[in-house]
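Next come the structures, one after another.
Both complexes shown next keep subunit A, but they swap its partner, so subunit B is in the first and subunit C is in the second.
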Partner chain A sequence: MSGEEARDAVGDYRYGFHDPENSTIRFDKGLSEQVVRDISELKEEPQWMTDIRVKAYRRFIEMPMPTWGNCGMLNQIDFDSVTYFLRSSKGTENNWDDVPEDIKRTFERLGIPEAEQKWLGGVTAQYESEAVYHSVREDLEEQGVLFLDMDSGLKKFPDIVKKYFCTVVPASDNKFSALNTAVWSGGSFIYVPKGVHVEMPVQAYFRINAKNMGQFERTLIIADEGSSINYVEGCTAPTYSTESLHSAVVELIAMEGAKIRYSTVQNWSANVYNLVTKRGIAYKDATIEWVDGNIGSKLTMKYPSVILKGEGAHAEVISVAYAGKGQHQDAGAKVHHLAPNTTSNILSKSISKNGGRSSYRGMLQVSPKAHGCRSKVVCDALMLDADSQSDTYPTMEVGNPTADLEHEASVSKVSNDQLFYLMSRGHSEEEAMGMIVNGFFEPFTRELPMEYAVELNRLLELEMEGAIG
Partner chain B sequence: MMQYPQISIPPRSEHLWRYTPWRRIHPTKVEEMPMADPINFSTGEDSVMDDSSEIGRSFIHSISKVCNLVTIDNEHLELDLRCSGHICAGELNLVSSGKSSLIIRVSGDAGWTGLRVIGEVKGTLSVALINDLAEDGHLLRCEDWTVGRDSTLEISTLSVGGILNKSDIRIDLKLNGAEVRTGIASNGHKSRHDDHHIEIQHSVGHTNSSLVMHAACGGASHSVGTGLLTICEGADGSDAGQVFRNLLLSEKARAEAIPELEVLADDVKAAHGAASAPVDSEQIHYLASRGLNFEEASTLIVEGFLMDAFRQVRNKEVVETLRTRLLVHLECLIKG
Partner chain C sequence: MGDELLSIDSLHVSVADTEIIKGVSLKISIGEVHAIMGRNGSGKSTLVNAIMGHPAYEITSGTIKFNGVDVEEMEVFERARAGMFLSFQYPASIPGVQVGTFLRKSVSSVRGDSAPSAREFRKELKTHMESLNMDKSFLARYVNDGFSGGEKKRLEILQMLLLNPRLALLDETDSGLDIDALRVVADGINSVAPNAGCLLITHYERLLEHVKPDYVHVMIDGKIVKTGNAGLASELESKGYDWLEV
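Presenting the complex of A and B:
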């Protein structure tokens, strides 16, 4: 694919710019046990982490590619053409002025420093494999909140990391979690002490800049008893003619009475494979919320999960997906009710346009011991043209007679009545369509911090340009 | 075309085989082709059927010694299928025209029964299959239906017999104006395992489909309902819906529902739903206050729930036959 064809394929993607690559360390393409050991050695990790990585690498080699989902696209991934580690700066800076000039320029174009000043409790900015900038508000530090990039977290708090790492998403969970465990680099490490409520959201921003880059961040968030945190992440990448791989693992642990909200606005360029494993464990009376927006990428396979392990725990998943030309958004949610009186709500909304394909894949499981569970799943899909495709693959497994579960889904097109009404009020057809799409996604955007919601609406409007005719 | 021994064993990642894998439903070892006694059809004439590349259909075809053709034209027919012996198999070719109805009663004490049906509908056909096999019987049922232009197929299943059942029903709406209404009622008791997979394909536009499956699961029974509704590219004006409802009656009962939807056309109505809940205690209380004991009250609720799966079946004769058989079955359960 030529550069021009690639640009045509990814369309009007405003984050498609790239900066010259000024890496300080760049591994050769391809993956081997030596690469895994080299990453660990370079990061001066303890032996136990090296052992976990090597074991995970062996599992990755053994495990077959998934035989479900979009196998055609998955099998196009060439693991030998991916760069598994690339360091862009000497270290993680706490002062914005110390960040290398070219990287700083990139993040300034993305509006990160401005957002931090205005409304964030802390920021991690990851460029390629590692975090280049990290800061956290002093008052949070004083309350004992730990918010670091994952590499620093491992260095400074190895006991906490060792205790929780791979406990929610084991390396052997799936091929891509094995890959992530083998070559992980960067990501966020958060520990919120008992009873501390982090009022302002903390944010991580992930940027892939280099060609054929693989980004494998690992995020671990632990909210101790009675605490709460709101974590927001955003993702972009440049438009290249070759493909990149993003395969993250996120582990959330909400102790008794804790609450974690994890919001994502994924806007990778349409040449990125986004294969992510996100899972949380909620203990007694805890709440885990996934707010998940998928706009970009070539293929996304992401099913945020919650294991409701303690009585009275609650899960909430709100996800939206937008599939344009050449894209397949295979997203969904999984909730496992293992304890009595646990509740969950899943709301999924998707739009397919210009031959894009959006799929909802969900799992709702009630174990025999989980008395009195309640769950509701709603999936709505909107198709904007006849070339697109929309699928739903929900699974309900019920092992307790007292469970009360509901699932409903519908697929429809934009109604001519709605278009006609808006156009009769003076809007063009394109504007009317944009308004209807924004309204369709409203249950999602109202859950995002305002700045993200505004940005998402703008992104959707951009995506909707040229949708008519 | 590959014959049974050459067809690879399907993986459990295919939802058709997730809960009742091929190894479990095969009567012996998967590599074996056992000898089978023929199903005894009460009416019809000899016929032949082509092999299939799908593993269940090909297996039944390979071991069957009988293929029966039944032609129905503007009539009501009752067809008894007597199944006996250790392993029993047969193929049934159905051709229907005019306004017809058909009751297929599968009964007998066969240890394992394989039934393959190919049906073609022109006009209106209301067909009901009653699984009345002995308590320890196994059933593999594979059906393929083609519905003609402006034709309607009502296909009902009352599944109360056997201990391990797997049904794979596929319906192709190939011509404009075709319609299918599917109702499945399954009553689970003891350790009964009842797996229904239904695929409905809207190959062209202006075709309608509805699927309702109700499963009441008592004892340590396990009900599985998987549906795949596909609206093909260009099949505009299609209207499709599927609903799976499970009523769990005991601590050890389990139920799974996977209503899948693949939509490749935009000017369509497509929806699906699934729900699982216990018997409503208010309903039990209401009936108890009218003098019914707990068992009678819950049986009445189960009857109402299961018969509701046939709500869209318009042929009253078929519905009454199903109701009568269900009542007898529920009464037998109460009396032990």
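Presenting the complex of A and C:
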């Protein structure tokens, strides 16, 4: 398919374009132990990583599919029709001029170079399975911050990777974390030294750009004592008729007094399975914040979680989900209060339209030793029509009687009075709906860097206009 | 008096199959202030909501023409863009949408090509907010979300001033206001009135001490039973509505 044909197929949806597949190395479809070994060998990885991959592959084969969630959709995944590795350019670039032209065109349409000048501390843009463009601003380098794609991180800092890899999300955590551990490629590796504060948001874009191409990126962020970082990731994908599998793993480690904020806005095309394991460990007085926006995909299963391991640690999970026609957003949050005086806030907002389904699935756990914990969970669902669906599955396991827990949930519909009011001020029904929806997501949107907030609002307005399928 | 702006002829309106407006005819021209008075439930609010096009109000017979065009052929937003404005008795709240953003977008939609530049808009906004004694902190709040009754009414009047309508329908804009707020609201109406047709719904005479109506209509059980001048309002205040009932 040529770039032009692809654009025609997608229509004038701004972000729904793709480049001709331009891969120099590509494995056949399907997975075997040999494919896993080949990936590791091709990347010239140390033996211990090959061993981790092979062991994870065996776990993946043994583990059953989840028996909860949308099993009907999950069981449609054909693991044999997925390509597990694809390298699209020779090595990793850190000079924009050296990036191949067609890849650059894709990124230019995503606005990365301009965005970098204005906002970014550094850019890692993932094209297919590996980062092709990577830069770290000089001030970050001077502060000793390591920001690389994960493959380079493993090559240059194998000791750090070995120390932390799989310590937050073990390979055997679930079937998809096992799969990711076996075939991972790309993702970001960040280490922030003690006491260093990265003021500007650090950003990476991910895209799926080849038919049946699975993306299995692996991200590891370590914030050393008293440091802080704000990491931002955005995803858009072209529309394809065949199914695509995206199964990432993100591990965050916030040492004593450190703070990590990880913000994501994803807009997968409607055929993508987005099955992601995101988890962080917060030590004493540390803070981990997940800001997570899910638009698009066929099925998303994602529950950013935080293990509050040290006294006084804090977790914040703010998420939104938008489920359109044929889509199921199964999202939520998990917080484990393992230490005394730990606190958490969970805010989840979901919208369902055109028969879409949003589910909130949450887990809040307080261990018997954890005295004086506080947690507040708020989940709000907004239904835009009678065909759509919203459900909640909150679980609380409270082992300590001193815990102070609040839970609020609401399900609402857009009222005729709201629509009439806005329309009486000159707004068409679609515009009025767009305003109501953007307003509903505002507590999330205001947490994002401005360009993301603008893009998200625009995407939702397009959704309300029915401009997106 | 100027050309006919609004022309209502033998209008019947039902809500959920119950007839509320039972044959109303009314003509309003630019520069005229009309007041409709009547008890609760007499159909006053139904009339203005039907003119603006609320989907729950069904016109079963008769016509409403705005500038000679049957409004049934116009969507609600098209009516707004054509110059109709309704100040709501109970304006809806829109959580998450800031007043400032909402006003800017509404002015762009309604005034279209003649909408002011960002700078002119800010200037207009500042002038009108000062005249309504509204603090600029209003702009960062969410539309009507957690607003007091008086704050909601001020925001309605602010929108009217910014949107500069040809036809202003004001549904009980005076209710629940203290005397100072009432004067502020009345000043707002008076500043729009010379260049627009105004239809005020009220059941107190209080507002009409500040806004002089050219016509006062009495509505009882879905019909206009009497029309007079401003003197009729005072008469109603002292005599009530019983003497008008059939």
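Following the convention adopted for this analysis, the second predicted complex is superposed on the first by the 451 of 469 C-alpha atoms of A that agree within 3 Å, B and C clash if a C-alpha of one lies under 4 Å from a C-alpha of the other, contacts with A are read in each partner's own complex, and residues count from 1 in each chain.
Criterion: a residue touches a chain if its C-beta (ideal position, glycine included) is under 8 Å from a C-beta of that chain, and two chains touch if they have at least 3 such contacts.
As the structure is a prediction and not an experimental result, all values here were calculated from the model.
On the superposed subunit A, the positions of subunit B and subunit C stay apart, so the two partners fit side by side. The larger set of touched subunit A residues comes from B, when the choice is between subunit B and subunit C. In the overlay built on the shared chain, the residue A:436 is in contact with subunit C alone; subunit B does not reach it. Using the contact criterion defined above for the overlaid structures, shared-chain residue A:415 touches subunit C, although it does not reach subunit B.
Contacts of A:77 after superposition: neither subunit B nor subunit C is touched. Of the two partner chains, subunit B is the only one that A:390 touches; subunit C does not reach it.
Judged by the touch definition given at the top, the superposed model places A:339 against neither subunit B nor subunit C.
Legend: residue contacts after superposition of the two complexes on their common chain; A:381 is shown touching subunit B, with no touch to subunit C. Residue contacts after overlaying the shared chain place A:423 against subunit C, while subunit B stays out of touching range.
In the superposition on chain A, contact is made by A:406 with subunit B only, not with subunit C.
Closest CA pair between subunit B and subunit C after superposition: 15 Å apart.
Put simply, subunit A touches subunit B in their complex at residues 66-68, 366, 368, 381, 383-386, 388-413. By the touch criterion given at the top, residues 52-56, 75-77, 79-81, 85-86, 88, 90-97, 102, 105-106, 109-110, 142, 159, 163 of subunit C touch subunit A in their complex. Listed in rising order, the residues of subunit B touching subunit A in the complex are 11, 13, 15, 233-234, 236, 244, 246, 248-278. Against subunit C, the residues of subunit A that register as touching in their complex are 415-418, 420-429, 431-432, 435-436, 438-443.
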